[in-house]
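Consider the two complexes below, in which chain A is the common component and chain B and chain C are the respective partners.
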Partner chain A sequence: NSKIGRNAKQSGRPVKVINVYKKPPVGRLGDKVLVTIEHEKKKAYIVGCKQRQQTLVPKFDSNNVVLVDDNGQPLGTRIRAPIPSCLRANTDPNFVKILSLATTFV
Partner chain B sequence: MSLSKQFKKLAVSCLIHNARVFSTSGCRLSNTLLHRTVNRHRQIKGGAADYQDNEEDASDDTGVRGVDLHIQMDGKPKPQKEVDTFKEKYPDFLPRTDRACRRDYVLEMLHRRDMFRRRQNLSIPEFYVGSIVSVTVTDPYSPTKENRFVGICIQRQFSGLSHTFTLRNIIYGQGIEIKYDLYNPNILKIECLKTEKRLDPELLYLRDCPPEFSTFPLDMEKVPAPKGKDVPINDVKIPLNKPPWLERWERRKDLKGITGNDRRLTYRQKKRAVLSEKPWLENDIMLEYRRSLRDDEVQHIKGVVEKFLEREQRRKEEAEKEMAEES
Partner chain C sequence: ANMKIELCSYSGYKIYPGHGKRIVKVDGRVFQFLNGKCEASHKMKRNPREINWTVLYRRKHKKGNLEEIAKKRTRRTTKFTRAVTGLSLAEIQAKRNQKPEVRKAQREQAIRAAKEKQKAKDALKKQQKTQASRTSQPKVKPTMKGGAATKPRVGGKR
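Right after this comes the complex of A and B.
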């Protein structure tokens, strides 16, 4: 629920992924991406995918992303949407910060 | 006997057994059928009394065998209906029919054995596409080592041990679908909160319907199923959202559970739709034969499953008696 996130939702301008920080640049659950939002570029982590997943991994109806600044600190203070609990396996310190903000796990 | 010898013996006996019973060209992908197989097939469907399955025990035909009577003799359910209800209740035990030439009877038998073993440890309730199911899975990352999800079953796929079902729910405004293997050892508990059926075999259209129809409370209480009666069919007709959709629902006129299937198409789209139509498929008898399962085969599987269930019941009763005696 960062300021920019709230603005984006209100204005209805879709958030678009422009770069994936991975070798084959395909973004999946838990990947870091570059995202345009409200005419700005921000880094983000993918927390929900529309892609068909393995069994026991949830598939979301929309692609969800958690905004993060250049140091890896999440921009918002809370994440209302449910997050797949398989992401808790990530020991990446930035990710751990994101997961601590989450309210529900699926 | 060494394990490989045991396995060989089993495999050979299974093959012979199955070859005798299902030794028709039902396992070959062919465009021609021998006359005798066609007649045999016809006789099974029509219910001639002279078709005898020598290997199976003589089934409980008390004069109602296959003959389509409108009067119920002895109050017993018609065998055809039993077969159909079995097919719906245990779709995981039905062998795959999309590749008739590739059916491996030994594999199916081994799958069935493992499925029975798993069912001894986990009670899998009867649920259908359209029932609301709650699944508890072990989760090493959660504080309580469990993770529970409730949703409506929208799809049941595959056969044997890899049988999966997909549950859909909307949580905090986010639509979530999770696919579970029925025989995954990570699953701790499956509970059917509401047993019911819908008008269609798959409810994938819920993705394009308003969210109220996919939301189910996570702390929903169990609705007791009516005993002895047929499974209730929820003939709700859900309106689709406005197009664009995730799938071409305007082409699926066979789906009975939705309204608003129509869409204004451009001239080009209409032409394309006509090209992709395959009207010859409904008259393709060979395809139907290849895709269908023979009733006697389903009866055989049904017999095996019922034997297992009986044995399980007896085992449970004996265990209970022992517990009572001990205490």
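Right after this comes the complex of A and C.
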């Protein structure tokens, strides 16, 4: 629920992924990506994918992303959308912060 | 991983691990589907309560033995003694725990006492009657006359 996030939702401008920080630049669950939002570039982590997943991973009806600043700190204070619990296995410190903000897990 | 057996959000069947799909909708609602059939029905916006093979339908139309089992578990209200304004709890308990012989003896006593009372009453009554019959007759008439005379006069004056 960061300011930018809220603004983006209100203005209806979709967030777009412009870069994926991975070798084959395909973004999947848990990947860090660069994102344009409200004429700005921000980093983000993918937390929900429309793509078909493995058996125990839930599929989302929308691609969800958690905005993060350059240091990896999440921009908002809370994450309302459910986050797949398979991401809990990530010991990446930034991810742990995201998970601690989450309210519901799927 | 969570090895929890979930219920299909559409059909109500159990989903064992390794089966089915989980979907998160845009509004954050999570659905578990047992198979493509359930998922497809949901996408077609079919209401599970109208689809014969789902658990929701069966519950709605009361098919099967679910209801009987539920109804048999009737509640039993627990009785427990409470103190009443007249008697405290201890007194009630004492009364209840009295032995039958004691109770009988009490009853007999009470009966005897009542009989005595009754006898006394009767005797009194008889005495009063005999007294009254001797003196009442002359007394009754003059009072009646006087009363009868005064009443209509008052009404007439008005």
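Quick note on the criterion: the second predicted complex is superposed on the first by the 106 of 106 C-alpha atoms of A that agree within 3 Å, B and C clash if a C-alpha of one lies under 4 Å from a C-alpha of the other, contacts with A are read in each partner's own complex, and residues count from 1 in each chain.
Just so we're on the same page, a residue touches a chain if its C-beta (ideal position, glycine included) is under 8 Å from a C-beta of that chain, and two chains touch if they have at least 3 such contacts.
Remember, it's a predicted structure, so these values are computed and weren't measured experimentally.
S.K.: Is A:R88 in contact with chain B, with chain C, with both, or with neither (first, second, both, neither)?
M.R.: After superposing on A, A:R88 lies in contact with chain B but is clear of chain C.
S.K.: Which holds for A:S62: it touches chain B only (first), chain C only (second), both, or neither?
M.R.: both
S.K.: Tell me the contact category for A:P74 with respect to chain B and chain C: first, second, both or neither.
M.R.: neither
S.K.: Taking the superposition as given, does A:G27 touch the first partner, chain B, the second, chain C, both, or neither?
M.R.: neither
S.K.: Looking at chain A, does chain B or chain C touch a larger number of its residues?
M.R.: The partner with more contacted residues on chain A is B.
S.K.: Shared contact residues on chain A for chain B and chain C?
M.R.: 48, 55-62, 80-82, 85-86, 104, 106
S.K.: Mind pulling up the chain A residues that touch chain B in the complex?
M.R.: Going by the criterion above, the answer is residues 48, 53-62, 64, 80-82, 85-86, 88-89, 104-106.
S.K.: Tell me, which parts of chain C touch chain A in their complex?
M.R.: So the residues of chain C in touch with chain A come to 1-2, 17-18, 21-26, 28, 30.
S.K.: In the complex formed with chain A, which residues of chain B make contact?
M.R.: That would be residues 137, 139, 141-142, 147, 149, 164, 171-181, 184, 186, 207 of chain B.
S.K.: Mind pulling up the chain A residues that touch chain C in the complex?
M.R.: The contact residues of chain A facing chain C are 48, 55-62, 80-82, 85-86, 104, 106.
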